[in-house]
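The first chain written gets the first letter, and so on, giving A, B, C and D; residue counts start at 1 in each chain.
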């Protein structure tokens, strides 16, 4: 049996004005378990708190009920008071007789009556409270960043800057991501490489950062502060620590007909390659699909020319296991495939290209060394048609495109159009759009310059069909404002393809028990208030894996994610919320119902041997809640048919006791 | 012996109901027969028996024993017993009538169960002879004559008439009240019916089932019989057999907290339940096999041992008809008692 | 016979993060609603077991209302989506058993919607009051 | 009459026992009469020949027995599953209630099971034998010399009249031909009740549920109710009770019982079959199934192992609890 003290607060006249506080403290005196009941002007004041501490000592209280303002206001205060008085802080319950009573009821009689009932409910609950101690778990002070694009790079740099070790896992041979492929960046038109590559070098030189390039995460276990991650490092057949990145091997490699993915297949590379000049790590990689030595053991040229002796044809995939305290997902995006968009003749004409291909075509390090030449005949195009929203904002064609706006296309198309007109004023540039969306600092000004200063023809309307005819591309389109059909003979058509999350995101989400929306973008813990955290504690989101983003947004989110990670890693121990679910193993059926509703992946199962009623033993499957991961929503407790799952601090019996007290 | 025409039963019922509540078997909307409080127009069912026995009138499924009221820190104890009203249960079959002998042995023995005793005192049983027993009937196994039911009054129904005979003072007094509606008659028609029923009883599939292998002193012989395991193999542990049984008398006492006080009540319990007689040390019978054995050993061995050889089964056949998995006392008797028992 | 003014008893389960805060806001703004509404704080609307709802009716409640964050805004991301399904099915079942559907309700109230909280409670209390005492799900043992 | 014969089943069972595939057989054991059949475990061919039975009264769904039997039996258990039983089988697998590796499931065709109450309504009391082997069911009573011939269609159990599927959704081996999922009229009764006024509905259920004696047969036979400890047996659950003390307790038990199996109930109909008081419990379960189908899209529990039940799933645009009443209310 508890020994409960009841403390009724007047809150000056805030409560005492419409609630007879003396009557409340008198009425609660006779409730089961109550051994002391009093009232005071300001319970939250130092004097009020001392009154509680004194009463605890004098009456040997085991539980406290404070009838006062909302627990959202002073629950923490009174819990601290209890702790100072030597009682477990979770033995305190607040009856909210201010916000939910005195302030909303005008009449003293009804106010008092209700305050007494709310007090009784709190007493009934405290009678069933048990001391709770928050669980503690250590924090591994190392972060993992999955993805080495600008999002991952920025997050890693920021975390490392705070002094914590960071590992970047990048599935390509180099970090840099999509940004490394871009030519100029809007709206300032500075060159992407000039701002990205120094950061890549910073990463490479930072002794807190390790890069696992050409690697993937294959398994994630554990929970916030204590993740056990397995990283698969693909064999690149070159010893990373020895290779100097001199490039001799790539020059001498006889197999030179490999489509160059960095230039989106618009030119070729050798079988042993360094993706681009500023790659980090700057080491060569042998492509096993094309290398003659690896395929049939005949060649070995690279090995011969490598002065450092870095080539190792026998290299195997390597599995690295590492512990992390936090994981940042920065898996980025890809343009969607144009295969389903036959109307734009992407697969029929080399001169119908995507915007990312256009970036490579205009880039000095690209296949045309920066000269805008059309891919089919390397002639200068005189009429260029840009088509926006290819696969974005589709509702009728959901299985073909995406319902969402890809967000970045309006701006990069304006950039492409402007740059084209700037360099080649003899070129006619048309942009077909549904809407032009330019909400960003200096974005709209940028777009208007494209129209007003550079004379880009912006036409509201969609392109219906592109038909290759001779060396021209016949573009059929509608001009919605002029309400007429247009026919343009273009030399080059550029499609602003929608972007989608990288395909590696979905299996990764499963490993992380992080949730995703139907488009495979990671879901944030709260769309407004926790935009860079996933609902799974310790997993954070950076960049376009969470939704389409441009570079400034990505960088700021990357910094935000880093600051969350730093906040986590700065702790030596994580103190959990003690009000978490727990399962009574004797009643658990192991049916997995609770696991399915848990938004945090906090529930796992184990097989345990039990003594059965007939004195035999049997193996039964039972649920186990990880208190460090559980956030205490209680969804599992209702899903559980046997009632084996209960929530500490809000137990079935406690809530029922409150219901009973209110209804009696 | 007195008789009345079947057509006049409504008047008879009205007369009985003047002084006491009258309950009789009535066919419900679902086609099943249940004891129902008589009101004008309700007619006596032609079916053999009710789904539930008449036990409920004397030993209801739940019954409040006492109440506690709290005010402040005081507790007040309230005796909730009230004087029972007179009531008549009409149309009780011979097997069910016999069940009261079993219940009386339990509840009227010292210390007397005052709740039960009061109802027995105020209740009158009008027993009706069976005319068309069914395949699940085995009352004759326990020496019960379906054609000559006991009770305060016995009645026999023919195509057109109902014959009345009182067996007790209470019965005689009630029958006197019906003088105006009945007339004195010979026992000829009743004797003929008794003979006919006796012949039918012999044709029943369970006619040869006997209790020779059971009774006092058989505990050691059967307690460890290996057959219990296979018999109980598919038992669900539900309480159907117990709750349709007219002789089962086990109950649990529980407290219900109303918020303003506590109601202490008793309710039927079943020895088939895993928490039957569970105490702080746990349930003494840990497996369903043990619980299953308890049920049948109690009916066939322990009860007769303590009650002058009286079995606590009356062969009404309700459990045969209602068990979800069709396991029952007949199968137990035949298996444990040996096939020659059949 | 003396006719006592009938006051319905209403149990409101409010999630800690939105609706309980919404109720507090109603208080801050002094927006009144009947004192017959008694609030029980739960971490999330998904913590409310159908058994709690039935229990309230058994013990004498005339109406039970659940309030949670708006769908999509759940503090625990998905809790209220489960609440929505569970309660849709439960309420439909109660209706099927002939229990007045106006006695149960789910309402999404955010922490900013103090006015909505008060308006909801006023409306619900009025509807429940119009139905009169809960007879169909009452337990006579618990009557006052 | 069933298409498959007792002899065929015994032969199958005997061969699986003989070749060591299984170590025991879960089957129907004959009783005192021809209709009181008990589920039993058979270990040998001799036992099967002596006591195994297969006829129109073999309604018992064995799936639930697998939960306990697989824990006890050393080798594999042979279980015969009618199409409707296979759904319960899958549902239990979804909930990890038994080890699939320990079961050898043989799907068997079923022509529908008979309801003994309907047989008795036609043939009368005092049944001495029922022969289901012919085109028509021959029922002999002690009161008539000639057997009463009954068309099996006229005495089909309710759940078989509204059979939802003749398709076996789980088996290791199938005897006979598989059937199809049937577009049954099983929700008609529910719709009839829905169409009543609230007062009529209340009166209807009050009348039905007032007969409940809380024997727990509905729960204990239910293949979805496999909790290690039922809330109604657990003194700490606050809802434990041994008897339906009043009309509230009756409703509470049946609402929660149905709610706990909502989305998991395969509509096997065992609850109504075993109710000694003939309460149409399946109409509560079917209400949930009907609602789930109409609110969240058709869902058949047990149709596939591992499927996500409607109550552990959601979409962001599910209907609101307040909207459920808008359907059908004029």
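To be clear about the criterion, a contact is a pair of C-beta atoms (placed from the backbone, for glycine too) under 8 Å apart; a residue touches a chain by one contact, two chains touch by 3 or more.
Keep in mind it's a predicted model, so treat the numbers as computed, not measured.
For the pairs A-B and B-D, the larger set of C-beta contacts lies at B-D. The greatest centre-to-centre gap from chain A, using C-alpha centroids, is found for B. The centroid of the Cα atoms in chain A and the matching centroid in chain B are 69 Å apart. One simple way to say how far apart two chains are is to compare their mean CA positions; for chain B and chain D this gives 30 Å.
The geometric centre of chain B is 46 Å away from that of chain C, both derived from CA atoms.
Under the contact definition stated at the top, the residues of chain B that touch 2 or more other chains are 256, 258-260, 274.
Each of residues 231, 238, 245, 311-313 in chain D touches at least two other chains.
In chain A, 597, 639, 652, 656, 660, 663-664 are the positions where the chain touches two or more neighbouring chains simultaneously. Touching chain A in their complex are the following residues of chain C: 9, 11, 16, 20-21, 23-28, 30-33, 35, 38-44, 46-52, 55-56, 59-61, 72-73, 75-79, 82, 86, 118, 142. Listing the residues of chain D that touch chain A in their complex gives 71-72, 94-97, 226-231, 234, 236-238, 260-261, 308-309, 311-313. Residues 70-72, 96, 98-101, 103-107, 110-111, 113-114, 117-118, 121, 515, 523, 525-527, 535, 579, 597, 599, 631-635, 637-639, 647, 650, 652, 655-656, 658-660, 662-664 of chain A touch chain C in their complex.
Note for the complex: chain B touches chain A at residues 72-73, 257-260, 274, 286-287, 289.
Taken together, the chain C residues at the contact with chain D in this complex read 50-51, 54-55, 57-58, 71-72, 78, 81-82, 84-101, 104-106, 136-141.
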